[in-house]
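What follows is a pair of complexes built around chain A, which joins chain B in one and chain C in the other.
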Partner chain A sequence: MKLTTFVALGALALGLAVPTMAQAQTEVRFARFFGACEADFGTNTDPGTPSNECGVITTLTNIFNAENPDVRVVPEIVEWGPYYEQLAGRIASGDVPDISVMHGDMLINFVKRDMITPLDEAFTEAGIDVEDIAPGPRENVTIDSQIYALPQDFVTWLWHTNSGTMAEAGLGEVGAPVYPTSIEEMMEHARQFKQATGLPYLALTLDSNAMSRTLYTMLMQANYNLFPESTNQIDLHSPGAKEAFEALKQMKDEGLLVLIPDWASAFTGFSNGEYGNLIGGTWQIGDMVRLSEQTGGALEGYVAHVFPAINGEPAVWSSSHSWVMLKGGAATPEKREAALRFLRFLFENNIHWARAGHLPMRTSLMSDPAFTEMPYRIGFAEIPPIAEHLPKDVPQQRIIQPFIGEELLAALQDQKSTDEAFAAAEERVNTYLSRLR
Partner chain B sequence: MTDMTSTAAGMTAAATPRLKSWSWTELLFVAPYLLLYVVFLVYPLGLGFIMSFQYFDLFAGQAEFIGLENYQQLFSDRIFQGAVVNTFKFVIFTVPTFVALGLLIALALNRQTWWAATLRTLFFASNVLSVTIVTLIWRAVYLPQKGLLQNFLDVFGIQNIALLQDPNWALQAIAVTTIWWGIGLPMVLFLAALQQIPGEIYEAAELDNASPWQTLWHITIPSIWRTVVLVTIIQIIAQFQVFGQINLMTAGGPNNSTRSMVQFVYEAGFRQWTAGFASAAAQVLFVIMIVAAGLQFWVSRRKQEF
Partner chain C sequence: MASKTIARPMSEQILVASVVILAIAWMVPLVWIVGLSFKNSLELVVDPNAVFRFPYTLENYADLMVTSNLGVWLRNTLIVTVTQTVLVVAISCLAGYGFARIDFPGRNLVFILVLMGLAIPQHAVIVPLHKMFNDWQMHNTFQALILPGLAGPFGVFLMTAYFRAIPLEIEEAAKLDNASRFRIFWEITLPLAVPAMATLAIFTFLHSWNDYLWPLISATRPEMYTLTVGLAATQTNIDQSEGLGYLMAQAVFAGLPMLILYIFFQKYVVRAVAGAAIR
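And now, the complex of A and B:
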C-alpha cells in the first residue's frame, strides 16, 4: 500500500471516528443571564479569580466540563432584561433548555402553567441535601409542598458606602461608617455630610427596579402589607408609604440625594468619590471591591452594608436566583442524569457564587470561614432573618415592579405629584393584575 | 330608469380598462414570493386579528375567546392612550423633517464635485449603523454633566441639561437621533430623482430668466413629486413603527413620555404575557398606519392632478 493511500485511509477513519467520539458527550443546554465574559474567563478554571456573577458562573461551567469529560454544558446566554421574553419564545417553539436560571419570584408564573418539573425526587436521586438549603431560599422555591428549583443565593438590597467621605463628615471611621436608624436621623446625617463634603449623601440610579426595591424595603421595615386583600390587588394608599417616599423626595430637593441616569454612570461616580452612599444590590459587591482597589484613593474604605433600618424594624427586600428544569427539556435519561450532575456540582460549589457578593443558600456555608472571611460578609449574617419578599403567590412581580418604580421616579423628578404617582402606580398594577387569568 | 342605469353601467365599463386574465405560467413565476408572503405576512396578520379577540397565553398556548374585552381595556388604558399620542408626536416631528431635510441635502449635494461625493457618503454612512450603535453614540451625546452636548453647552454657560430625563424633551431628543440615523435614505432617493430631470428644462428656465426659487418650485418639485410622495409614505410607515431607539434610550420614560405604540405592543405581548391584549393594540396601530399612509397618498394624488 502506498504511503499516500495509507494516509488517506487513516484520515478517513479519523474523520468517521471524531463524530462518534463527540456523540459520546451528553450536551446540557444551560440557559442563563449574568452576561457573557468569554474573553476574560473563557478558559479559566480558578474559582478564586472572578469577582462578578458572569466570571463565577463561566468558571464553574469550565470546571464542570473539565471534570466531566462525558458531559458538555453549553451556556445559552441571554441579556438579563429580555431573558423571560426569549425563554417564552423558546418554550412556545419547543426549543426548551435543559437547565434554566430563574428568579424566585418568577417561579409561580411557570408552576401555575405546569411548565416546571418538581425536583424533590431528582434531588434525592442526585444526592443533593435539601436539609442544607437555608429555610428562606427553600421556602421561596417550594409551592404546594413541592420543591421546583435549586436555589442559588439570596439577593438583597443594600448601601454601597464610601466610608472615607463618611469619616470626613464625622459619620464614623474609615471602614466603619455610622448608619442612620430613622428617617429623621438619615436627614441629619445627610445634611451633616453635605455641609462637610459638599457632596450628596445618597445616590439612587434612575432605574425603576431600584426605586421599587427601595420603596419595598422601607415598607417592609414599617411592616406594611402591600397586598392586604388579594394577591391580585396592591394597596399603595398607606400614609406611611407616602411619608417614606416624601423623605427621599425632600432629600433630593435639598441636594442630599442625587439621581444617576444609569448604573455605569453610578459606578463611575461612586468610584470617583462623588457621593457617600449608593443604593444597590449584593450582586454589585464583587465589582465594587475591584473598583475600590483601582481608584487610587477616591473610593476610600468601601463598605457594603445591608439597607439601614430607617423606617422601623430591620427588614430588607430580597429575591433569589435558582435553577429549574423546564418540562420538555432534558428529555432523555442521559440528559437528565447529566443535568442533575451539573445541578449537584453547582450545589456543592455554592461558596464560589458568593464571590460575586451574594449570600450562599446553604446553611452550612453561612458560618464557614470560606464565606465569612470574604470582604464585608461577616455583617451579612444578620440578613437571612430580616430578608423579605413579596408574597410569592403575587403573579408577575417582575412586571409590576417597574410600574411602581417608573411612576415614583417621575414624582422624584418633579414630573408629577407624590399623590398622582402613587395613584398611577396602584392603577397600573391593579389594571394589569386584573387582566391576568 | 332602466335605461339610465344601463347607460351608467356602460360608461363605467368603458372607463375601466379590461384586465388581462392571468395565466398559469405567470402565476408560477410569482408563486415563490406569493407563498412566502402568505405564510409569513398574511397568515400571521390573520392570526393576530383573531388573537385580538382572545385571552391568549403565549407560554401555555391556551386561548379563550373574550370578544371585544381586549379592545375595551385598550381604549381605557392610560398608558396606551399616552403611547398613541407619543407615536403621533414622533411622526409629526420626524416625517416632515426627513422630507424637507432630505430634499435640502440632496439639492445641495446634487453636483459632480469631490466634496459633494464625500458629503453624500458621510450623510449616508449613519444609515448602515445598527440601532444599538446609534443609541450608544447618542446616549453619550445626551449624557447629563459629561455628555458631548453638555460639554458644548458649557461654553455658553448652560448647565444641567438632561434631555433624556426630561419628559418635555426626551421624545424630541430621540427624534433628532432618528433623523441623524435615517436621513441618508431620503437623501439618496431625492438625489436619484433629481438626476432624472432633463437638463434642457433648466436651460429653458434660465433663458426665461426664472429665479432659483421659481425653478425649484415650478420645475424641480413637480418633477420629483412622485419621489416626495414615496419618501413621505415610507417615512410615515417607518416612524409609526418606532421602537428600537426608544427601548434602548429611555425604555418609554421619563414619566411615559416616550413610550411608542410598538413598544407598548412588545411590552404587553412578550414582557407582560398578554398576547391577546397586545394583538388588539397591534390592530389599532395597523389601522392607523393604513389610514395615515392612504390619506397621504390620496392628498398627493389630488395635488398632482392640479
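And now, the complex of A and C:
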C-alpha cells in the first residue's frame, strides 16, 4: 500500500471515529445570556479565577464537562436584550433547549402559557435539597404549589461606595463607611460630603431600569404596595411614592446627586473618585473589584453595601436568575438525566456564583465563611430576609419597569413635573397591563 | 512657460471646505472606533482619553479570534449574503424585464402589488414568516436565512425602471435578426443594465450583511448564527460598562468586509447613493 493511500485511509478512519466518539456523549443544550468570554475562560477550570457572571458560568460549565465525560453541556449564548424573544421563537419552532436561564420575574409569563416543566419530582430524583433554597427565591419560583425553576441567586440593588472619599468627608473609615438611616440623614451626609470634597455624594445612571429599581427599593422600605388592587394595575398615586422621589430630585437640584449618561461613564467616574456612591446592582461587584484591584488609585477603598434603609425599614428590590427546563426540551431519558445532573452540579457549586457579586441562594451558604468572608461586601448576610420582589403574578415586569424609569428620569432632568411623571408612568403601565391577554 | 493656476470661484471654495469639514466630522467617530479597538479595555474604563496615547495592543483582536465560532459565523454570513445578493439580482432582472418589456394580462395590477410590498416593513410580517418556516421545519437552515430576503420589491422596481429607460430600438434590431426573447435579454439588454444591477447588488449585500432580526429568531443554534447575532452574543457585560476595546474590535471586524466592498465598488456605491442608476 502506498504511503499516501495509507495516510488517506487513516485520516478517513479517524474522521469516522471522532464523530462516533462524540455521539457517545449526551449533549445538553444550555441557553443563556451572561455573554461569551472564551478568550479569558474558554479552558479555565479554576473556579477561583473569574469574578464576573460570564467567567463564572463558563468556568462551571468547563468543570462539569471535564468531570462528566459522558455529557457535554453546550452553551447557546444570546445577548441579554433579545434573549426572551429568541427563546419564544425557539419554543414556537420546536427547537427547545434542555436548560435555559430565566429571570425570576419572567417565569410567570412562561408558566402561564404552560411552557415550563415543574421540577419538584425532578429535584427529588436529582438529589437537590429544595429545603436548602432560601425562602425568598424559592417562593419566587413556586407557582400554584409547584416549583418551576432552580434559583441561582439573589440579585439585589445596592450602593457601590468609594470609602476613601467618604472617609475624607468624615463619613466613616476607609473600608468602613457610614451610611444614612433616613432621607434627612442622607441629605445631611450628602451636604457634608459635598462641603468636604466638592463632589456629588451620589450618582445615578440615566438607565430607566436603575431609576425604577431605586424607586422600588425606597417604596419597599416604606412598605408601600405598588399593586394594591390587582396585579394588572399599578398605583403610583400615594404621596409616599412622590416624597421619596422628591428627595432624590432635591439632591440633584443641590448638586448632591449627579446623573450619568450610561454605565460605562458611571464606572469611569466612580473609578476616578468623582463621587462617593454609585447606585447599582450586585452583578457589577465583580467588575468593580477587578477595577479596584487592577487600577488602584482613586478606587482603593471600594466597598459594596446593600441599599441603605433611608425610607423606613430595611428592604431592597430583588430579583433572581434561575434555571428552567422548558417543555419539549430534554426529550429523551438520557438527556433528562444529564440535564438534571448539570442542575445538581450548579446547585452544589452555587458558592462560586457569588464571586460575580450576587448572593448565593442556598441557605446553608449564607453563614459559610466562603461567602461571609468575600471581600468588599458589607452587610450582605443581612440581605436575604429584606430582599423583596414585585408580586410574582405581575406580568411582563421587564417591560413595565422601563416605563416607570423613563418617566421619572424625565422629571429628574426637569423635562416634566413630578406629578406629570408619576401620572404618565402609571398610565403607561396600566394601559399596557390592561392590553395583555 | 509658467503654469497658470486658475482660481476657483468663492462659492466652489466654500463648497469644498464644507465637504472637507463634513468628511472629517464623519471620519472622526470611525477613526475613534479603530483607535479604541487597539486599547486595553480596563485602561479605557479609567480614562477614555487613553485612546490618544501609547501603549496600543492587539489583544482585543486576539480575543476575538479565539471566540470559537467566529469563523463559522463569518462563513454563514458570507454564504447568506452572497447567495441572497446573486439571487435577488437575478430575480429582479427577470421580473423587471418582464414588467418593462412583456405585455401580459394584468401586468399593471401585478406591478402595483409588487410595489405595495415596498410599504410593508419586515417587522409586520415576521410572525407569519416565522410560523411558515416553522411549519416547513426549516429554521436553523441556510434556506431559512436566505429565502425571506429574496422577496425584494425594491429590486423589481429598480430594474423595471431601468429596463424601461433603455430604448426599444436596440432590441428591435435584434428581433429583425430573429434573436429569441431570452437571447435579446441576455445578450443585449442585460449588459446595458450592469450599473443598475451593481446598485441593487450593493444595497442587497449591505442589507443582508447587517440583518439582525430575522437571523436572531430563525437561526437559534450558535453554529447557524450570522455575524451580527454571534458578535452581539459575545458582549461580556450586561451594562457594557467595560470591554469597550473588545466591543470596538468587534465593530471593526464586522465592518471590515463592508469597507473592502466599498473600496472595490466605490464607483457603483456613489452612483447608487446618487440615484444615478435609474437615470
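The rule is short, and it goes like this: the second predicted complex is superposed on the first by the 421 of 437 C-alpha atoms of A that agree within 3 Å, B and C clash if a C-alpha of one lies under 4 Å from a C-alpha of the other, contacts with A are read in each partner's own complex, and residues count from 1 in each chain.
Here, a residue touches a chain if its C-beta (ideal position, glycine included) is under 8 Å from a C-beta of that chain, and two chains touch if they have at least 3 such contacts.
Please read these numbers as outputs of a predicted model, since none were measured by experiment.
Counting residues of chain A touched by each partner, chain B versus chain C, the larger count belongs to C. Look at A:Glu85: by the touch rule set out above, it reaches both chain B and chain C. Of the two partner chains placed around the shared chain by superposition, chain C is the only one that A:Ser271 touches, whereas chain B remains out of contact. Contact with neither chain B nor chain C is seen for A:Thr49 once the two complexes are overlaid on the shared chain. Touch criterion met: A:Arg290 reaches chain C, while chain B stays clear of it. Contacts of A:Asp95 after superposition: chain C is touched, whereas chain B is not reached. In the superposition on chain A, the residues of chain A contacting both chain B and chain C are 82, 85, 89, 92.
Those residues of chain A that touch chain C in the shared complex are 33, 35-40, 42, 52-54, 75-80, 82, 85-86, 89-90, 92-95, 207, 262-264, 266-268, 271-272, 283-284, 287, 290-291, 294-295, 297. Residues of chain B that touch chain A in their complex: 55, 57-61, 64, 73, 77-79, 143-144, 146, 162, 164-165, 167, 252-256, 270-274, 277. Those residues of chain C whose C-beta lies close enough to touch chain A in the complex are 42, 45-48, 62-64, 66-68, 130-131, 133-134, 137, 139-140, 216-218, 220-222, 229, 232-242, 244. Within the complex formed with chain B, the residues of chain A that make contact are 82, 84-85, 88-89, 91-92, 109-110, 113-115, 206, 208, 259, 261, 265, 396, 399, 406, 409-410, 413, 415-416, 424, 427-428, 431-432, 435-437.
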